[in-house]
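Pasting a structure below so you can have a look.
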Amino acid sequence: MTRPTLNIALIGSGFMGRAHALAFAAADRTFELPLSPRVVLLADRDPATAQGAAASLGIPKASGDWREAIADPGIGMVAIATPNLLHAPIAIAALEAGKVVYCEKPLATTIADAEAMTAAAAASGRPTAVGFTYLYNPMIALARELIAAGEIGEVTAFRGIHAEDFMASADAPFNWRCEPDQAGGALADIGSHIIAMAQHLAGDIASVAGRLHTAYPTRRDAEGTDRAVTVDDQMDAVVAFANGATGTLAASWIASGHKMGLSFEISGTKGSISFTQEQFNELKLYRAGPGRTNGFTTICAGPEHGDYGAFCPAPGHQIGYNDLKTIEVKAAVEAAAGLPSAAKSFADALAVERVADAIRRSHREGGWVRP
Amino acid sequence: MTRPTLNIALIGSGFMGRAHALAFAAADRTFELPLSPRVVLLADRDPATAQGAAASLGIPKASGDWREAIADPGIGMVAIATPNLLHAPIAIAALEAGKVVYCEKPLATTIADAEAMTAAAAASGRPTAVGFTYLYNPMIALARELIAAGEIGEVTAFRGIHAEDFMASADAPFNWRCEPDQAGGALADIGSHIIAMAQHLAGDIASVAGRLHTAYPTRRDAEGTDRAVTVDDQMDAVVAFANGATGTLAASWIASGHKMGLSFEISGTKGSISFTQEQFNELKLYRAGPGRTNGFTTICAGPEHGDYGAFCPAPGHQIGYNDLKTIEVKAAVEAAAGLPSAAKSFADALAVERVADAIRRSHREGGWVRP
Amino acid sequence: MTRPTLNIALIGSGFMGRAHALAFAAADRTFELPLSPRVVLLADRDPATAQGAAASLGIPKASGDWREAIADPGIGMVAIATPNLLHAPIAIAALEAGKVVYCEKPLATTIADAEAMTAAAAASGRPTAVGFTYLYNPMIALARELIAAGEIGEVTAFRGIHAEDFMASADAPFNWRCEPDQAGGALADIGSHIIAMAQHLAGDIASVAGRLHTAYPTRRDAEGTDRAVTVDDQMDAVVAFANGATGTLAASWIASGHKMGLSFEISGTKGSISFTQEQFNELKLYRAGPGRTNGFTTICAGPEHGDYGAFCPAPGHQIGYNDLKTIEVKAAVEAAAGLPSAAKSFADALAVERVADAIRRSHREGGWVRP
Amino acid sequence: MTRPTLNIALIGSGFMGRAHALAFAAADRTFELPLSPRVVLLADRDPATAQGAAASLGIPKASGDWREAIADPGIGMVAIATPNLLHAPIAIAALEAGKVVYCEKPLATTIADAEAMTAAAAASGRPTAVGFTYLYNPMIALARELIAAGEIGEVTAFRGIHAEDFMASADAPFNWRCEPDQAGGALADIGSHIIAMAQHLAGDIASVAGRLHTAYPTRRDAEGTDRAVTVDDQMDAVVAFANGATGTLAASWIASGHKMGLSFEISGTKGSISFTQEQFNELKLYRAGPGRTNGFTTICAGPEHGDYGAFCPAPGHQIGYNDLKTIEVKAAVEAAAGLPSAAKSFADALAVERVADAIRRSHREGGWVRP
């Protein structure tokens, strides 16, 4: 069977750009995709950087101007892995040019931008996809299926955190993640993952009350200058879901000891599910029952779970982070083909940003805020 | 050495009364106490019940009226294990009569009562002790020492929950715990444990924003009548500590799968400590460092930790819940002797109640409330 | 109901003697025992030591000669907590005098002694009980029930270890546990626990091949003299069970990091059970099945499991090591009353010793040895 | 920098052949390899199968005869992923033709074949590599470094198992893994992994005593015929290492509940390391010390550990099974370039086979057998 080709322009050649390029290649080898993805253009602000990266990644063409991608009618998808500030202009231009857009999270640095991007997507009618990598985990797919099937009853609570510690030390330098206008701060940078997870599993968030905390008021930058930090090192919030459930959300990049602690527990009237990304090939499930042998069951990922089998035919062998990214790319390509897809759209990402923004407003204004 | 005797009147002969009686006996065998505790009187509203319980527990005297204990000048300590509504009148009368008072938690059913009790304690100058059993764990003592010694640096976050599931089923009956005027609801009934833990380890709580949720608006009582439930099944809150740290607190008696899930993590600039009561002979400690072998270390309780050695000379053998109660009684007896003691006082318990009350007000009024 | 009294003579006033005294008291308060146990005599080689211990433990009478206990017709049970060498003479004399005998493990220091003790028990027709404390755990009772009910199918394997590390350091001194004629060495001292567990759960052991290893050929004693060590620091063995299952057994007191690591997994054609004493209020159960949610379930001890409920009416609160000893005493008292009992008899303990002896012979002679 | 090309002939197009092809591509993208690996020929017994697989994997040439690879002077490396019986003839022919040989485990189906292969490698002077995938884990590299650095002192014990359950059910069909002359049975099929791990970390094995057990004497094959099973379902052995340490090894494909349970603990006089492949991005390390905070530390894989950083710049994200295979391929390519390499050679694999053979002989003959 000859599949149509999906020509992709990749914008951004940093770590995430490289990850995209590798994931497109891996996805094509791993899955039977409806389209044959081919990264044909790499754009980066600096032409020489673009040239070098394109060469090393086997991408045929390089450019110093992302507008070249927009203008090229042969490009079907624009994949955005630039600094956050550029997401909006590139995405909107690409959508207006009729391209599918696959964008890294966070969607934008302001709610206004995120809304404009979502509106552009709606106006264009083109599919969109956003890089919430952790949602594409086969064990998260299993969690969602179990919840939908009523295995834990009516959901009553979701409590989760995204905990890392790369800024825990006073010596962690001031960098772009500390700039508020680049979507800096723990809430914007990593909090979006736990908000997205909460919405993915427990549904819409109706109301929040949150608090931001900056542990280090200054940090030294690479030049040795002490810079005032105005973004949050951690965020804590109470949430009420549309379905009546309540819970807590937190995000911290100063959570000493946690390297990739995207962790949650979702409880219902008949059971609970608990998870941590630090052991992401496992899911713990509790189902209430009359017996003497109830308890949390540790389910080990295997080919019977979601896309695991595309990577390994035997259970317990484990997939890795890059494999999650590969599944994410598969979803984006399926969306691009107009097929039903697990891809998270701009509208989904906007909902995440609205919750983050509501937490920020609650911190400033006090009290409950509706996203 | 002949020790003075501490004559104790025990008020209440239910489960907790019995636990007190056994713990006084166990504490005297286990520790070298400064006073010889002797439960000499058991009072219960029903004289026959008092009589029967006293006989079975080897207590020489029984009474149908707790006032008899107050009136008896030979009684040095009054131990209160009655329904919560009676805590205040008994405690205040006992303090006014110059007795030491050892009271079960929660201190009272209203803030006004808790304040009156604390004022009575202050006016009397007599020692008080409150039954926050979980704080007396040797591993919690270790946690406190580590924090005080700066092992985790400046505290930046405390996130904790008291999770049980005895009310998770729709079939769990309406009982006294569902009565608001008896300190019913998850927040009052079990939430006090996690609030007390937070204050014990992270210090004073300056501000809270919280939410209560009632999953089952009605429950059927023992007579088969459907009763409206006005108390909370679960509580979620954001807290800000006086030292600037933030975090979350939750309490739930519908947390499916959790039997004694008093769990928390406290993080600082140099490390973290995590704990769950379901494995309470362990403490997990992370200390930041330059090496390649950092991680959470699971410390196993042994005789080098607090009072563990009084129960067992070898590590890893584990103490049980009743042993924690025995340590609590030791603290109460030490307080009664006027010695430095780990006992939590009425003032400590009032601080807990004030936080619970602030969460309740925040739920009603919205926004941040100061305890 | 007035129960008959069981008068007990306790021989030995060291740590284990004291533990016995406390456990008899605790058992009587905790359970509805068929007999009222009363420790009426404490014997110890040194009369002054006996006197002091009796006073501190509230035992009315003390003696410097255990024969006094045998001679006293009012004594119904002799509880032996002496050095191991004395188990045989005391037990045999007590049985010949018609007493119930409750003896600490290991039963004896030689197979010949253990056989003589078991023969004396048979000849006397009197009940016996041996202190295999860990077998009395409610979660081990649950494991046994699950296996008997076929929940894990036909047993195919048992693999276990008793791992501690109190001799792991080169600085751990030479002491009585290093004396071969006092049942010294890891196999004799702690290996008996894992052998007993294997037999308790997987049945008779038909054949063994084992290896002893002495990591430190000399250790310094308390006087500063370097002493040659002739006992094993660790033992490893392959076992074949009478039912065809195979597995491994190990014992080590140099297993760095393990404090009370009595751990095993028992597997069958339909499931597995795994356990470690370091978290002894839990049992992990796997049951094979067609679904996508199979895995090991962590069962948390509660009142629905064996004798747990006698200590605490709520699950998850945990019982401690001393509570296991209390359950052991209950079994001994029930055996003394002629009731069906979980107590392990001298015959059971002899079977354990025979396996240990077979491992020792296999080490010396090579090859498979039948116990 | 232009690197020389390494032309590779891949023999075998089943699951493992495909895994090789993908891993060569992934290794080249992930690492800076000294040679540019290019799979230029795919051979399979069936020409049409070879053709189809080559097309789908992007391999330019296909053949129905592996001898074509040997005859082609342009081929630098022969990668063998055929049924086990063919390993020896292909490897020996390839070595005699001067090729580097990279072979899947087990090395051969008989000791004689394994010896002949190793002799051919020695005679040819060509590098060899064998697919012991689990040894290439960054956390195993860390374990080895810690042991070499004396962090756990003198090694005293290694106890390990390779536990899976894909044959646990009576319904698991008779297949090629049940054929003794194809290296069938749990010991040969999966036991080689735990033997290799033991040797990798604890050194040479001097002596073994082992036992094989066949739980199901017959199994039904795909045609519905009941076939006698003569291979083992599980193996248990005691081992003595050359350095005096002792321990146990086991392998089972009927270990209900285990999916990829390659698990071990290695203990020394100053510490211990424990590991399970089911959470292979973690290593647990215990170091003895004077303090009150000793315990097993759970180390989470990150870029500071071995080759992890080539896959992900952030810790805790986790690598997957296929990434381990990619690291294995890197080692094979480095060996092919004549560089120092972590690749396991035919001589290493022969040592593994000799231990497996010794266990088999011990089972037949009884007693201790030297590999």
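Should a chain be cited, it is by its letter among A, B, C and D, assigned in written order, with residues numbered from 1 in that chain.
One rule holds in what follows: contacts are C-beta pairs under 8 Å (C-beta built on N, C-alpha and C of every residue); 3 or more make two chains touch, one makes a residue touch a chain.
All values reported here derive from a predicted model rather than from experimental measurement.
Just to note, of C-D and A-C, the chains joined by more C-beta pairs in contact are C-D. Overlaying subunit A onto subunit D using CA atoms gives a rotation of 180 degrees, to the nearest 5. Averaging C-alpha coordinates per chain places the centre of subunit B 36 Å away from that of subunit C.
In whole angstrom, the spacing between the mean C-alpha positions of subunit C and subunit D is 41.
Centre to centre, using the average C-alpha position, subunit A and subunit C are separated by 54 Å. Residues of subunit A in contact with two or more other chains: 258, 294-296, 300.
Within the complex formed with subunit B, the subunit D residues making contact are 142, 146, 285, 292-300, 304-305. Residues of subunit B that touch subunit C in their complex: 15, 22, 25-26, 29, 164, 166, 258-261, 277-281, 300, 302, 311-323.
Remark: subunit C residues 152-154, 156-157, 159, 161, 165, 168-170, 209-213, 215, 233-234, 236-240, 244-248, 250, 252, 254-258, 265, 267-272, 274, 286, 288, 294-296, 362, 366-368 touch subunit D in the complex.
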